[in-house]
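In order of appearance the chains are A, B, C and D, and numbering begins at 1 in each one.
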Amino acid sequence: MTADRKAGEQFGSVFPHLITQDLPNLVAIKDADFSDVDAVFCCLPHGTTQEIIKGLPQQLKIVDLSADFRLRNINEYAEWYGHAHRAPELQEEAVYGLTEVLRDEIRNARLVANPGCYPTSIQLPLVPLIKAKLIKLSNIIIDAKSGVTGAGRGAKEANLYTEIAEGIHAYGIKGHRHVPEVEQGLSEAAESKVTISFTPNLICMKRGMQSTMFVEMAPGVTVSDLYQHLKSTYEGEEFVKLLNGSNVPHTRHVVGSNYCFMNVFEDRIPGRAIIISVIDNLVKGASGQAVQNLNLMMGLPENMGLQYQPLFP
Amino acid sequence: MTADRKAGEQFGSVFPHLITQDLPNLVAIKDADFSDVDAVFCCLPHGTTQEIIKGLPQQLKIVDLSADFRLRNINEYAEWYGHAHRAPELQEEAVYGLTEVLRDEIRNARLVANPGCYPTSIQLPLVPLIKAKLIKLSNIIIDAKSGVTGAGRGAKEANLYTEIAEGIHAYGIKGHRHVPEVEQGLSEAAESKVTISFTPNLICMKRGMQSTMFVEMAPGVTVSDLYQHLKSTYEGEEFVKLLNGSNVPHTRHVVGSNYCFMNVFEDRIPGRAIIISVIDNLVKGASGQAVQNLNLMMGLPENMGLQYQPLFP
Amino acid sequence: MTADRKAGEQFGSVFPHLITQDLPNLVAIKDADFSDVDAVFCCLPHGTTQEIIKGLPQQLKIVDLSADFRLRNINEYAEWYGHAHRAPELQEEAVYGLTEVLRDEIRNARLVANPGCYPTSIQLPLVPLIKAKLIKLSNIIIDAKSGVTGAGRGAKEANLYTEIAEGIHAYGIKGHRHVPEVEQGLSEAAESKVTISFTPNLICMKRGMQSTMFVEMAPGVTVSDLYQHLKSTYEGEEFVKLLNGSNVPHTRHVVGSNYCFMNVFEDRIPGRAIIISVIDNLVKGASGQAVQNLNLMMGLPENMGLQYQPLFP
Amino acid sequence: MTADRKAGEQFGSVFPHLITQDLPNLVAIKDADFSDVDAVFCCLPHGTTQEIIKGLPQQLKIVDLSADFRLRNINEYAEWYGHAHRAPELQEEAVYGLTEVLRDEIRNARLVANPGCYPTSIQLPLVPLIKAKLIKLSNIIIDAKSGVTGAGRGAKEANLYTEIAEGIHAYGIKGHRHVPEVEQGLSEAAESKVTISFTPNLICMKRGMQSTMFVEMAPGVTVSDLYQHLKSTYEGEEFVKLLNGSNVPHTRHVVGSNYCFMNVFEDRIPGRAIIISVIDNLVKGASGQAVQNLNLMMGLPENMGLQYQPLFP
């Protein structure tokens, strides 16, 4: 386990809830001994990862949780992140790690770009519906809500308890960096360019993410068609669950687990549908999906280490 | 001050935060002496209010905070509330109390139907934009978020701390009773029938409400046109504030006050705009607007008793 | 899995976070088939358990999570619970399930009375210190703080989100029913009657419990003596952890796990010490310790099903 | 209104909840024009205030909300704050601003040291009881709980929402800087040196403070004697309220107001009593008491600007 600022510290002093575990101290990356390592999770800030992964031994399997290898188009990367991509050859090799959608590619990958939390919660329902041409590509409107862990652990005034508790606000309207990642996935599913409306909101909760997607159905398609298609798509999946009837997904029913719960609802406006999905942004939206991907890459059971249930209440 | 279940109790035992105030005990409505009363706020459950108001002395001015007199069309009332309206003649007399929009009518009213919280937060921005024909009437999509006080103080499992804290969920999709109230207001502004998409969400906060409205602009209209129209509409208003530049309204910046903050944003999809408004659902969305209305009805300064600032943090 | 009010319902409709699990529907106790059952967890309200356990087949091993069999003295039971004990012969058989303290007795028990949450968090540090005569028996002052799950899932106005969020209050001062349970444990350790000062507080959090114990040390004893004794007592224990140095236990570092973290601190007043322990009231304070106990009773590894880590943040 | 880091900014950009108010921009202290100013509130970090107040015009009345002038003994100041006091002559002039206890001195003061939040909540009940010799001076044990605003608005990892929500922890055991301030007040009341046990806790709430005080009563004294003495002491006070009967003070019933609620309870241990007081740490524990003090110093009604009620829920 490596660290930058906190290299040399005990793991339990950085994460006191793990103080009971007999874990090695954190070391700087440059001091890490990779000779006995098969695979790494790379959890570095966006932008710094490219060069570090370039420098890692070739035989390592890598799941990268940053955004560095998520955008296939390096011009788009440069546009959203403000600098040229520093490892374009690795970008070509990287496989996008939306497990249920790209399982076969992930299985054979050496480098997996683990999806962002918003993109996971949005693409899991929308990609199959778009592929099946059940919804229109125009006017896909997404109002998403995230817990504060999405912002990381950096000490910023805006994320203090006193600024966050008991309130909600939108942020990054139009400019959130998860937009190109979602549009890439939906466009590939559609085989044509998709532009979305995306409004993220910060909610006074630690974990959890809800994406509400307002869509127009293709002519003649009904909400029941959407439901049936999602049902058959995810029927055999352990971690993606379409709820029954009119049950509404609650974030608190997946927090602490790798599950994605979703459902489809009629809209009052004829021809429209409302789709809601929820995940734990830190698990299915980050570390859980990363484990799921590495399990695939290593030939292990996909659910290894992931069978814990949500913590409710 | 009257009560039903709690008649006979001290006010401070029902609301211990007001124990320092020298207030009379609660009495049953039937025991109330109206001889020295000029006006009443009626805060009874939906459905029970109609008959009680019928029985009140004619000279009283009344602001009714229930939904009983909000829908001008008693057939629509019957459809949404499951029984025929019990005071149709009073319904004809009632004036809808969206203060900034219907100030003159309210000033002369005897019975004001105080708006619901969602309808207040939605109509304040949308009514002027619709009247000015700046937005299309089709595909008005609203994703709204409310604090838990919106559900009242009834003891329900679903509203326990343990069921609500640290999470979010949608509810009443398609069927929320505030829908006909909003559609009535928007249709009147449009002079034609408007059908909205409305998805309310329950957030783990006590007070506060955010409505996010996704709209299509009329041909040739820009976000700047929407902004300028709202600016000129609310320029002289004390309680409705259009934020500057790209400032995003936060619920926590209005909680405890009668303010509505709003702003307009460009959407990534050309021709669309995103409008966000926030209020304290218990103040501008209920009691504060009720006081504002009664002030008008009594010829008092409109802001009397309402000049307290938001409580932040 | 049995239920009373909710018999006949699907498990996932009562606990939607477990909807992914293939579980049988809830049945009424009278309809349960015990022929193939080895052991039961009994999670019924205080007072109702006695008669039900009397009626269960004799060969069942039972962990009872209610308070019904915790007080060895049935007169004391009658005094605190307001009615004569209904199964005094079972009371004699019952073993108090404070695992780390009474492991051998639990191993051979048929009926275990699982401890309350406050008593667990208090007795784990105090019992060994009292047995070793390191602290005085007079003036043991305990200020304890509990999350709201301690109050169960009953729909009460006092436990609504709006009544609980963003605040703290004491309750049950002098009269909390966990008092006789704690005093029983401390008195047995002391071999003389101990009377405690106990003030519980309800905190705006779902899970978690902190007990702060203000004690006078025996003449000549130092804080370091207390620390060393707790260290040697719990050195080999998986679930009880004495923190290093001046590290302060936080409830959020044990929530979701079966751990108890504790530490000892000097007081400004010479001769006094402050002891702080934290647990998850629903795990080590209830279901986790129950599983730990049943594991012992069944000859299984004590930590089976309990090796999940705290969920932080 | 002056600022350091934020000089030049609009007030509404620092405190967006006040954006509706027509307020001047923030200026650096060195650019402030004091020619037309009668009085100032000084809200600077501890340690920096001394020199700045030395430099202010002599005719100004000053309420200082820092800790700089609270300790009469400058040696004690040096010991707790790590440097010699930089304005010892001003320290001699400063009056400690616990309004209800030192009203006459405050009325005639030029410089008032506004009390800390913990000291306010502790001294209001204990000072009169000690003066009347109703409680013993030994073994005064205080377990106090504070909302997070007590830590200010500085961007620290420890105060992030994700580190604070849904939990509690003690901090500063033995070493909190409010200890000498409390001991000074109690010692003066006792006319002899008092040493307290003081354990503060950080609670997952924004505002609010509860102090629980465990005391030994003087021989022959009863809880009823304590109650009656507090009742007669605070009977005429607007902002200090002794609750009736066994009503327990809740922080949420004073938040947003200048009130202190308190009550006295019997302990299970004979001869002991438990006293609980609650305040809003930002109001009676800071800015509210500061206004109260300045009102006195200026000859204004003491409650001017302070008559708002608690915001509940």
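Keep this in mind: contacts are C-beta pairs under 8 Å (C-beta built on N, C-alpha and C of every residue); 3 or more make two chains touch, one makes a residue touch a chain.
Since the structure is predicted, the reported quantities are computational estimates derived from the model, not experimental observations.
Chemist: Of all the other chains, whose mean CA position lies farthest from chain D?
Modeler: So the farthest one, by centre of C-alpha atoms, is A.
Chemist: Looking at chain A with chain D, do both copies bring the same residues to the contact (over half shared) or different ones?
Modeler: same
Chemist: Which chain pair shares more contacting C-beta pairs: A-B, or B-D?
Modeler: A-B
Chemist: Only C-alpha atoms count here: how many degrees separate chain C from chain D in terms of the superposing rotation, rounded to the nearest 5?
Modeler: It is a rotation of 180 degrees, to the nearest 5.
Chemist: Roughly how far is chain A from chain B, going centre to centre by Cα mean, in whole Å?
Modeler: Whole-Å distance between the two chain centres: 37.
Chemist: Rounded to the nearest whole Å, what is the centre-to-centre distance of chain A and chain D, using the mean of the C-alpha atoms as each centre?
Modeler: The answer is 46 Å.
Chemist: Could you grab the centroid distance between chain B and chain D? Build each centroid from C-alpha atoms only and quote it in angstrom.
Modeler: Chain centres of chain B and chain D, defined by C-alpha means, are spaced 38 Å apart.
Chemist: Mind pulling the residue numbers of chain B that touch at least two other chains?
Modeler: Each of 149, 162-163, 165-166, 204-207, 250, 252, 313 in chain B touches at least two other chains.
Chemist: For the complex, which residues does chain B have touching chain D?
Modeler: Touching chain D from chain B are residues 15-21, 149, 165-166, 206-207, 238, 241, 243, 247, 250, 252-254, 256-257, 259, 261, 308-313.
Chemist: Give every residue of chain C touching chain B within the complex, in rising order.
Modeler: Result: residues 148-149, 153-157, 159-166, 204-206 of chain C touch chain B.
Chemist: Report the residues of chain B in contact with chain A in the complex, numbered from low to high.
Modeler: For this pair, the touching residues of chain B are 138-139, 141, 143, 145, 147, 162-163, 165-171, 173-174, 179, 195-199, 201, 203-208, 210, 212, 214, 246, 248-252, 255, 265-269, 272, 274, 276, 313.
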